[in-house]
Amino acid sequence: MTAPLEVEPGAATADPEAVLKGMGKIEGRSLGQIAWMRLKRDKVAIGGFVIIVLLILMAIFANLIIKLIGHPPNQFNQNLIDTVGGTLAPTGKFGGMSWEHPFGVEPVNGRDIMSRVIYGSRISLLIAFFATLLSVAIGTTLGIVAGFFGGWVDAFISRLMDIFLAFPLLVFAIALAGVVPDDAFGLKGDSLRIVLLIFIIGFFNWPYIGRIVRGQTISLREREFVDAARSLGARRPYILFTELLPNLIAPILVYATLLIPTNILFEAALSFLGVGVRAPTATWGGMLSDAVTFYTMPHFMLWPGLAIFITVLAFNLFGDGLRDALDPRSR
Amino acid sequence: MTNDNAFLSVRDLRVHFPTDDGLVKSVDGLSFDLERGKTLGIVGESGSGKSVTSLSIMGLHKGGSARISGEVLLDGQELVSSSSEEVRLLRGKRMAMIFQDPLSAMHPYYTVGHQIIEAYRVHNNVSKAVAKKHAIEMLDRVGIPQPDKRVDAYPHQFSGGMRQRAMIAMALSCDPDLLIADEPTTALDVTVQAQILDLIRDLQSEFNSAVIIITHDLGVVAELADHIQVMYAGRAIEYGTAEDIFDRPQHPYTWGLLGSMPRIDRERTERLIPIKGTPPSLINVPKGCAFNPRCNYAHLNGGASETERPELLDSGAGHMVACHLSPQERQKAWETDIKPKL
Amino acid sequence: MPGTVITYIVRRLIAAIGLLIIVSAITFSIFYLVPRWAGASPETLANRYVGRAATEETVKLTAERLGLYDPIAVQYWNWAKGVVVGAEYDYGAGVERCPAPCLGYSFITKQPVWPELLDRIPVTLSLAAGASILWLVFGVAIGVLSALRRGSIFDRAAMTVALAGVSLPIFFTGLISLAFFSYRLGWTKPGGTFVPLTDNPVLWAQALILPWITLAFLFSAQYARLTRAGMLETMNEDFIRTARAKGLKERNVVVQHGLRGALTPILTIFGLDVGLLLGGAVLTEKTFSLPGLGKYAVDGIVANDLPKILGVTLVAAVFIVLANLIVDLLYAVVDPRVRAK
Amino acid sequence: MRIKRLRTVAALSAVVALALSACGGSDESPSDGSTGAKNEFNAALTGVVSPSDKKGGTIKMANADDWDTLDPGETYYGYAWNFARLYGRSLLMFKPAPGKESNVLVPDLAESLGVPSDGGKTWTYKIRKGVKYDDGTEVKAQDVKHAVLRSTDKETFPNGPAYFEAFLNLPAGYKGPYKSKGVNTDSAITTPDDHTIVFHLKNGFGGFDYLAQLTQTMPVPEAKDDGAKYRNHIVSSGPYKFENVQPGKSFALARNDQWDQATDPNRKALPDRYEVALKVSADDIDNQVINGTIDIDVQGTGVQPASLSKVLTDPALKASSDNATIARLWYTSINPTVKPFDNIECRKAIEYGMDKTSYQTAYGGPFSGGDLATTIMPPLVPGYEKFDLYPAGPDNKGDQAKAKEALTACGQPNGFSTNMAYRSDRPREKATAEAFQQALKPLGINLTLKGYPSGDYFSQYAGNPGFVVKNGLGLATNGWGADWNDGFGFLSQIVDSRVIRPAGGSSNTSVRIPEVDKMLDAAIAETDTAKREKLWAPIDKRVMEEAVIYPGVYAKSLLLRPKNLSNVFISEAFNMYDYLSLGVK
């Protein structure tokens, strides 16, 4: 019983930081370079990164790819549907999978699932990226302000975070996404929904990153004050900020990378619940929601589900690798 | 330097860790002896392998990824080849250890008493009540006031010095023959440091145990150690009595350590011989003398330091040194460059 | 000592009530303001609660009865007053006393919201309880084993599955498992039919087993990762080395010293997760059509039934706040350092 | 989301002899009840499947949604009316029989059909003696009066039918028996004795018997009535009483031992119990009905899309299902208030350009969706006349050439952009909107789809004239089914411009033809049934000429026949299985 339970104690003393510091080759390199070296060696993380790049390219060139495939995502192909027999299922086997339609077609209207999945990456990534950006912007700003000024400012912002964390988020997001009219803020249609979703998702996720930044800021501030006391007089706040930000980049980067997949899931969930981007625009969550009624045709739910899974997994793999590279102790 | 009276005998100890970045040779061929009632000081910078050495002796690297070779003989019993279970039974009972930061070294969720009782009961089949009485006794013995009350306090409720006393009480609870103190005073105030060192010395004479003190601070070993071993990059580079090391240090690295030692009896001046550069990588240890990139005297012997690793050789009366410099060169450098500035 | 503990709890409770007031006020404002931005008037809002044959007069009367003409502060005050002291409700044939906590009456079904919520809570509670036990046991066990056998095949396999687990949306795993286990194989009931535990434990478990497993899979994955990371960190702590140096058996080192330290942060997260879940496992309940709080919320939102939405939001917030409080108190029990503060 | 059966509200007072219209088809021979129909596809449409008189057993029903309300004064769904007859007895009822016969009114609580006098302004009903509530007290005429009066309180019962307040000669400002307590209502209803009730109308109305079959005439004892709360403890006058009611979850009916077969010629009351589960997932219901663990999907709107292929491709399953036709039209409003639909040619472009088959497919195909529609009135409604003003090409996929022509005539040869509203929680309407978008795209007509929650669809969005104009909702999915099969009930709410309210809430969003309003008034005023029935089709045609409604499908539903039950047949009055006659095999 003793032997197999053993935790490798070597890690306690073989401090990789010390090891690396001493490595002749990379002496004097920045933490960023060291992290990059480590990251390059992490094949799984690189694999995730490659998938992410491919996904982003796919999203950017979605229209082009779809043109090549030749089946616009919203185009009906009801000739592939059993309308006469009344089942409305794809006439081909396995949900109508063929060379022409590798992922099969949707029941009822026969839309090409592959094109829709590809187009869905656009919405998914766009919303996830910008929502993350928004969360990071709000979270970082308020986190720094709270951590730096302390006192009642900190107390106020911390309470604000508490309130946000006490909200039943999803319920709230659904409600909000459901009541906003179709034309608002000078936008309409898809662009309004996308902006709205970015805002809702981004706005509700900031307290998490806010907490991290606040904690980091406080600990850095403590350290800085010690230094400042030693050196000549107090430092000016702006200097502190310029020193603060570089130190915050690593945790923010890691957290942002890991927030993106969360936001992809969030968007998918909202679309699944019917408050995402409006029909007929293809979204992964929306496709899953459509597939619910056709659970007897698993191909319909499989592809969008897989798309979500692969995307989220890729971001998680890369995020994990990035964290390990930037903070080796977490390995 | 074999010694038949040695209670602890380490022979060609090597501790290597395979990592993603390469093989880390934390300890790379270390040998020394220690008799009962004697104190050995192991000195070196962080990463020199001194802590790894102590943990290896304790068997705390067993079962992990570490590759350990060589021999560790504790009262004649070879530990490197012993099973984890055999070594475990010795840990705490025949050999015990005190750690650097007593706050992190004690479990924050358990009372000090609980942790001493636990240590005692591992090796002594007694009731909790008896063990508790023993724990109170031990706390009393290390000079903790009101031990019957403090026994139920948590580590965070102790002051730094008191915590280290409690730590020592825990280590000594089973009357070990070998006590390893790893930087026992580093985390403490200067005034408290002296008290703790006194305590270790008193207890050592009382228990007649062998003691290894591991430190980067020569000042600590100056007070306690009978012998001192200076380590650099996983190897011993100088070994001798305390007088040897303090009065007739032979290795340029030892000079550097002496020069960076703060002394109460001396005005605070600039460092005499700042050790330039950083400790070497334990993966790519510099060829030849591992210290040569940082050594001010490496040029004196025509490049031998850069190509050939110096052996640890007896330079007379058990004072051993690993350096390519001739005894005369070392003598001269010590007398003219270093000693006057100390 | 107990005195200070009580003071602490009281202080926390007061803070919690403040939090609940703010949360409900914000919820109220959003549901009050957003439709009005969209151009709704009290009449058009009342329109949805009257039949098609309603005359203009009926619409006005309904708007009046629902208090839609009042300014937002008055409406909120009336609602909040009902929660604290109860309210009176005109059900046509007379006036009924709705005792505190009166969360109002559904605009649509005219049933009082509070009893409906009380009805839903056991569903969500059953879901959360079963799933949380599963995920705690499996997640922590897998995490600990993975940490202890770091780098082993078990560790790698477990962590791969765990990463996959956190990357799968619950409505996808839920749908797939429903389609397969319920509809194809017919092993379990596909939800929608909740039977209280006290009525029939077998049917209760049968209806919930799939949601439990699906939910627990997601959370187990997360907890395995968290536990592994926490365990690795803890096992690197100095006090573990001390415990080993004492000669403690490895099992005791791991269980008494390692786990104790590693599980404390997990406890916090666990408490908050359960709190959040109790407030409505929206996606799970929706996917498995379980009539719990989450589904209630979604139904309320779809039907635009404000009292329902407010009620469920408040209850959810109460769960979260309570979970926070309990976690903090438990933390003090577990960690003596916290107790001192 | 299931498609609920919305029922008409005839808010207009008119003299219409509706009764005769339903009797038109009764010459068809009633099906042979002794041997029963074979267990084959559509068997229960015309005959009784598994006839039996065996008593006992429990019938298990499930509803994917909540019951709108069990209160007979407010409930307004076809299935709820079908079911309410188990626990309540209205004055009259539709005959529980298969096929056309089910449109015949027969006395239930009353001893006979209503006796009109004063030119149809006064209707008298004699109430059977010996009919008792489940508490043993006897049903009196005063209880029927109270039941009818309470149903007129639209603040308490907003969702109920509103015929009585429209037709009865109630005192001015009367707000129902709760708010207008003590007000003398003898001007509207009198009860000369305990077993006679007399209704006094504002104007003569030949079809009052249709109102007498509404659940609103089921007696409610005043002493037990507590307004909106009555729904949870209804006093039964039928063969079954409520055993337990768990709002939003389930309820069960058990035998009412006070019910006397001697007073009731219509009900067999075969099973001992009815159990109804609410809010069961719709797919689960289908599966359980197929397995036999649930007997009937009580909503009676047909199987879910997922079960469709299962039922249609499995010969055994198909043989035990019935494809019922419903007097309901699924259509799309073309709003002339939104540019460029102010020009009839642009509206015609839609009529020609839309792919009719994709509409049908969107609604579920030929079995679950319905038949291609070219008129507003479905064939089930007497007076229906087949015509097709905008032939959609030989394959019914739309006539692009004609559509182009119309576009050019409209001055928009390259098409235009507009919006289409649909109920976002109804997948079939979503599919319809998407089908429009695809079908119109080649014409250059770009549709932006706008989904709105169905709860607010008419009150806030597609049924709110201001909103429609402001948001340019050129097209809006819509649907209509009558309370009973009659041209007046079917057309008035969707083609009469006078039902459009500025605050929103009406189903008619697009038809504003003064001529049609006049034609409707003329038809309602016509007392001769045969003549009147001939007047509906011209109205239908006139509206179609204006191209403001795009008819989609005449609805059908694929129903799973309960395999463990006896006496199974489809009632045309409800377009689903008759719940009154079922027994357990």
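The letters A, B, C and D name the chains in turn, as written, and every chain counts its residues from 1.
We adopt the following convention: a residue touches a chain if its C-beta (ideal position, glycine included) is under 8 Å from a C-beta of that chain, and two chains touch if they have at least 3 such contacts.
Values in this document were obtained by computation on a predicted structure and should not be read as measured data.
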Per Cα centroids, the chain farthest from chain D: B
Chain nearest the overall C-alpha centroid of the shown protein atoms: C
Cα-centroid distance, chain A relative to chain C, in whole angstrom: 23
For chain B paired with chain C, centre-to-centre distance based on mean C-alpha positions, whole Å: 54
Between chain B and chain A, distance of the C-alpha-averaged centres to the nearest whole Å: 49
Sites on chain A at which at least two other chains make contact: 2-3, 6-9, 11-12, 178, 295-296
Residue list for chain B, restricted to those that touch at least two other chains: 55, 60, 84, 88
Residues within chain D bordering two or more other chains: 283, 425, 453
Touch list for chain D against partner chain A, complex: 283, 304-310, 312-313, 357-358, 360-362, 364-368, 424-425, 427, 430-431, 433-435, 437-438, 448-451, 453, 471
Contact footprint of chain D on chain A as seen in their complex: 74-76, 78, 81-89, 107-109, 178, 182-183, 188-189, 274, 278-280, 290, 293-297
Complex interface listing, chain C residues touching chain D: 39-40, 43-44, 47-56, 58-59, 61-62, 65, 91-94, 96, 108-111, 116, 119, 182-183, 186, 189-193, 289, 291, 302-304
Residue ranges of chain C touching chain A (in the complex, touch as defined): 19, 22-23, 26-27, 30-31, 34-35, 37-39, 147-151, 163-164, 166-169, 171-172, 175-176, 178-179, 183, 229, 231-233, 235-236, 240-241, 244, 249-251, 254, 258, 276, 279-280, 282-283, 286, 294, 297-298, 301-302, 304, 309, 312-313, 316-317, 320-321, 324
Chain A residues within the chain C interface of the complex: 1-9, 11-12, 162-163, 165-168, 170-172, 174-176, 178-181, 184, 261, 265, 268-269, 272-273, 285, 288, 291-292, 295-296, 298, 301-302, 305, 308-309, 312-313, 316-317, 320, 329-330
